[in-house]
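Note that the chains take the letters A, B, C and D in the order they are written out, and that residue 1 is the start of every chain.
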Amino acid sequence: MPVLAESTTDFSKTEINAALTAEQKRHLLRDMIRIREFETGAFEQYQKKKMGGFLHLYIGQEAVAVGSVSLMGDNDHVITAYRDHGHALAVGMGMDECMAELFGKRTGCSKGKGGSMHFFAPDKNYWGGHGIVGGQTPLGLGLAFGLKYKGLKGCSMCFLGDGAVNQGAYHESLNLAGLWDLPVIYVIENNGYSMGTSQKRSSAFNTCLAERAAGYGIIWDVVRNGSDLYEVREVVGRAVERAHAESRPTVLEIATYRYEGHSVADAKHNKQTLQEGYRTKDEIEHYRKNFDPIGNFSEKLIQEGVTTEDEIKEIRKAAVAETRASVTFADQSAFPTAEDLLTDVYSEVDHNTLAGRTGRHFFND
Amino acid sequence: MRTITYRQALNEAFDEEIQRDPNVFLIGEEVAEYDGAYKVTQGLWKKHGDKRVVDSPISESGFIGMAVGASMLGLRPVCELMFWSFYTVAWDQIANNAGMVRYMSGGLINCPIVIRGPANGGTNVGATHSHTPENIMATIPGLKVVCPATARDAKGLMKTAIRDNDPVMFMENTMLYGLEGEVPDPADGDFTIPLGVADLKREGVDVSLIAHGRSVLIALEAAEILSAEHGIECDVLDLRSIRPLDEEAILETVAKTSRVVLVDENKPFCGVSAQIAALIQEKAFDDLDAPVQRVCSIDAPAIYSPPVEKEQLPTARRVIDKVLSII
Amino acid sequence: MRTITYRQALNEAFDEEIQRDPNVFLIGEEVAEYDGAYKVTQGLWKKHGDKRVVDSPISESGFIGMAVGASMLGLRPVCELMFWSFYTVAWDQIANNAGMVRYMSGGLINCPIVIRGPANGGTNVGATHSHTPENIMATIPGLKVVCPATARDAKGLMKTAIRDNDPVMFMENTMLYGLEGEVPDPADGDFTIPLGVADLKREGVDVSLIAHGRSVLIALEAAEILSAEHGIECDVLDLRSIRPLDEEAILETVAKTSRVVLVDENKPFCGVSAQIAALIQEKAFDDLDAPVQRVCSIDAPAIYSPPVEKEQLPTARRVIDKVLSII
Amino acid sequence: MPVLAESTTDFSKTEINAALTAEQKRHLLRDMIRIREFETGAFEQYQKKKMGGFLHLYIGQEAVAVGSVSLMGDNDHVITAYRDHGHALAVGMGMDECMAELFGKRTGCSKGKGGSMHFFAPDKNYWGGHGIVGGQTPLGLGLAFGLKYKGLKGCSMCFLGDGAVNQGAYHESLNLAGLWDLPVIYVIENNGYSMGTSQKRSSAFNTCLAERAAGYGIIWDVVRNGSDLYEVREVVGRAVERAHAESRPTVLEIATYRYEGHSVADAKHNKQTLQEGYRTKDEIEHYRKNFDPIGNFSEKLIQEGVTTEDEIKEIRKAAVAETRASVTFADQSAFPTAEDLLTDVYSEVDHNTLAGRTGRHFFND
């Protein structure tokens, strides 16, 4: 099983990374920092009871979303599971509509109807945010099918967890992807755990989870250091290229790590209160220290002379300010009303078409 | 008017819609090269090719979920479940993805998908293959449910379903595929029937029989016998679509007759007729001269044994008995 | 009598049944080492070990189907769905295998399995995680459905469910887990409650409120307000099990009060209350002084927004309004 | 993909087959012939409209069921899909109760409630007969789980088709089998088609379908000539041994062929009327001639001096007679009544226990 480990290759020199301008690199760093700050802020607000339900933090995994999404062109699409804030910000969603969604406000990206697990931005080719483990995998396939049907050169990046690979829908999707040569990239973010279950207690495998793809004749690959944005870009980039050029699927497994509990409700197991639980404080500290995607990339960019400690501080400050502003925005926004319950159920009703006006659609009194 | 089978009516609807809109495609197990397990898609693959008529592996969750994803991009997939019964392996994709992604995205997405196939008992294929899940579909706000009883309705409603911008669960019936009925000629123009409009298939004054799908034919059969043998004249109201529901038409016939028997192939517990009965007693309480009666499938998994399965489904005899019990 | 939480009551039931019968085991995601996502199985893995308390990968179809197979050999699996909502990915195994293999085998097989977990809205987890599928379970003859509202009922019914020789769908509620209630001390002997016996949780004369699960508490709350503010006294009947159903108790309270409001967290279309309303109007038509009224969840997928989700579920306010409308 | 091909090895000499007595060998031949004759008879009765629904014939595949089942000990169990007559007779079910089931009679093995797809005989460790493609695969796993839980040395043989491997439930089962070392043997009967879809149009794979097991760390193997009962026994035997000795799963793929249509309703594509359709007359004739399990084994046994042409004729005659008798039995048996509809739904009700008498279980008037 791939566990986060130092890359032996220097991926900054590969073509896809060498092509990045200094500006672009700083932008990538900034994107990771924005995700980190947004989630840190969201966590604080959660503790202030500004939101309900779940809050699955992406902290520690930022290089995966930012690295992958940085390769997206106009016809490339993204879909993921419930741990979806990172991907959302990476595709360019604003902190305001994201924070407002967490607060359950009308100004939220999903009007307060979806919550943390259900961020969407179709205008940015971002298709959510899905709560049922593995449930997004056929949808991701459908995006790829749609692209091919329309004759567009694009791909669908479908993210899933190391626990999600054991859902039937994923297997069915792999077979269809392989059989029909659909340009989908399944990116398994292997953070070592599904809730409190370590990966080796949930999955039978040979060398890794991605390798199952071989059984469907699908090409697979592994990112050993998912905290290295350059490595993520290199490996995902090859899959994107394959999808664009050959309309063929790829399964990738990216070793990564989450610092916080499965969700913040999972308090017993998060850093503040960890006593027992499914992983040790030491383990978490090890990854924090040695495999922090932001630390990793910051160091690299400083070494490359692309940025400075000070500039990074500025970036962070800006991200904190942006987060704070988003909290204010969310705070000041209105909640949906009881009437809003009945919109967004049926498109025809929402648009007040003849179809929407014909027959009874809702069965309240 | 010309007469064609229910099967041909559906086939025509697909053919016309495939030609009308390049985003429409059919997908399912054996729908293409094999012409469909029940030949509903006969000739369409030959005519329209691999892109528009797609054979799928036996992966209902996979291909229906895929179709939902494709519909988010604007395609209009028409998915065949070889039997509607097989929705059980695809239920998550139907309920949570087709049914709810619009809501959870605050209206940013819509899923113009049709899921179709036969949903009925009566063909001796046993419990796993004889589900009639219209009640289960209709309990999910976000889904629409259509159950045509005649060739004409099948065609008109299918064309509307394909054009509808919401997910439509379209339930056909293997026992109806071969039945003929009058269907307008395509030469006379585009023919559609809106969802949410019931059809009074027979007029009477004494009792209202309300049904959907093949049960409409049972109701009509019972109505003829009641008329001939008992001088009782029944309204027979065909709901045609379960959600949206033509509540007005229901209340109208109840107001007229004051006596209602619902005919419904669902199992009784929480069947569609439970909902209709609850609705009628609530909205037309004072109109009723007798309790609303229900004739459903006998409350057990579908039996195989051919002569007994006949008895398990609603029969004209049982409808007649119910009517006589409240007259 | 001693007081424990609903959660502890369930935990005790498991603990006792695991000790009583070597064939009983728990299985589910995070039920063992993690002590359960909602801590309902806390301490049981430590106490009883890997064999009796089993952590499963996220494969509901796989592990529930596996449990059904094991039950055919005489084991008594108690399967946790972390949320009942996740039945959608295991529906085929539940409906067709647990629900129908007995029938299809002509009675040669039985499946003494319990499937359990929380089935409720109100915790702001959105549409995919807030299903209340008791209506969908109960529409399948072959399945039994239980929805306890109190700690006492949770324990007594769970122990009975585990001993039952048929598949029992046991629906708990995350909003009830922390609530305390009186539960007999194990020292006072084995405590069970039969399935199919409703419980009159409050006595009145004017109106019958009939509910199950957490809606019982809403009904009780409404009843207190109605009594205090309007002098209206309500029977509050807790169905406890949906299938088998205590029809006698329902008809009895209706005969007493002649007015009924059903409180039901299901969505209205074909919800459990649709079935109960249909039943009451059929069997107690002449007893009724007003139409049976229903208070259900507002008919849309579960919303996330915390204050609005509160409004979406049945509230005492809505129950009171309904009662006042028919008095 | 494994296609039926002549074995290069002589499997009659392997230990497991060398151990067979002449009597046992004749018995195996007889079992295959009984299946063939039973189904031929059933087909005739179907055409006489003595039954309804589906009739999926196993003709051509007999060596798989008979060979596999011949290895079963007291604690070994069998479960399969809807093409279930062969396995049923192989485990020792009587033709009478099987034919009566097809006729929908009360004397049927499932009292006329299950029909062709749902034969059961728990007393013979035979758990059906399942209509939902792939739906039996978790149940088969459960039998293995039950054995291990009870500390019994046994295995569960779970048969499935080449189309069924693309169902999610099968994938989930493989993961659990691999993860928990459950003694289940998945036997993929690859007859080249799922209904009218050839195997290469339904499955993406590397060298074969069984190979997917490697992705779960599960051992897999292939029977290239599924019409050779000896080869079936040899390969399945190793898997049974592995299950018994190590409590480990195996996935097997057995190349075989069905001579008739997918079901007899699939008339357009069966031998009598084939004009177009998904396979040619020539293809069917090729397999009939060169890969008939009964012909294959008859020849071998004659060569071995274990039996003679005449004796085989006698066996066949007896099987025909037995079939005829079963038709008479079925014909003369009574149908269930409408009252029978409501038995066998709930065990507690059937046994008239207190639980069965408490509360309303059925919701007819």
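In this section, contacts are C-beta pairs under 8 Å (C-beta built on N, C-alpha and C of every residue); 3 or more make two chains touch, one makes a residue touch a chain.
For clarity, every value in this text was computed on a predicted model and none was experimentally measured.
A.B. asks: Any chance you could check whether C-D or B-D wins on number of contacting C-beta pairs?
C.D. replies: Between the two chain pairs, C-D has more contacting C-beta pairs.
A.B. asks: From chain D, which chain is the farthest off, judged by mean CA positions?
C.D. replies: Measuring from the centre of chain D, the most distant chain centre belongs to A.
A.B. asks: Go ahead and note the Å separation of the Cα centroids belonging to chain C and chain D.
C.D. replies: Those two chain centres are 40 Å apart.
A.B. asks: Cα centroid separation between chain A and chain C, in whole Å?
C.D. replies: Taking the mean C-alpha position of each chain, the two centres sit 35 Å apart.
A.B. asks: Using mean CA coordinates as chain centres, what's the chain B-chain C distance in Å?
C.D. replies: Result: the chain centres lie 31 Å from each other.
A.B. asks: For chain A, jot down the residues that touch at least 2 other chains.
C.D. replies: Counting only residues that touch two or more other chains, chain A contributes 110, 112-114, 118, 130-132, 135, 166-169, 172, 175-176, 179, 201-203, 345, 362-363.
A.B. asks: Please list all residues of chain C that touch 2 or more other chains.
C.D. replies: Each of 57, 59, 61-62, 88-89, 92, 96, 103-104, 126, 128, 141-142, 243, 267-269, 275, 299-301, 303-304 in chain C touches at least two other chains.
A.B. asks: What residues of chain B sit close enough to touch chain A in their complex?
C.D. replies: Those in contact with chain A are residues 25, 51, 56-57, 59, 61-75, 92-93, 96-97, 101-110, 112, 141-142, 144, 160, 164-166, 194-197, 241, 243-247, 275, 279.
A.B. asks: Chain B touches which residues of chain A in the complex?
C.D. replies: The contact residues of chain A facing chain B are 79, 108-114, 118, 120-122, 127-132, 135, 137-143, 145-147, 149-150, 156, 168-169, 172-173, 175-176, 179, 343-348, 350-351, 353-355, 358-363.
A.B. asks: Provide the residue numbers of chain C that touch chain A in the complex, in ascending order.
C.D. replies: By the definition above, chain C touches chain A via 29-30, 33-34, 37, 55, 57-59, 61-62, 85-86, 88-89, 123-126, 128-129, 267-269, 296, 298-301, 303-309, 311-312.
A.B. asks: For the complex, which residues does chain A have touching chain C?
C.D. replies: Touch list, chain A to chain C: 51-54, 101, 104-105, 110, 112-115, 117-118, 130-135, 163-164, 166-169, 194-197, 201-203, 278, 335-338, 340-342, 345, 362-364.
A.B. asks: If you look only at chain D, which of its residues touch chain A in the complex?
C.D. replies: Chain D residues touching chain A: 166-172, 174-179, 201-206, 211-218.
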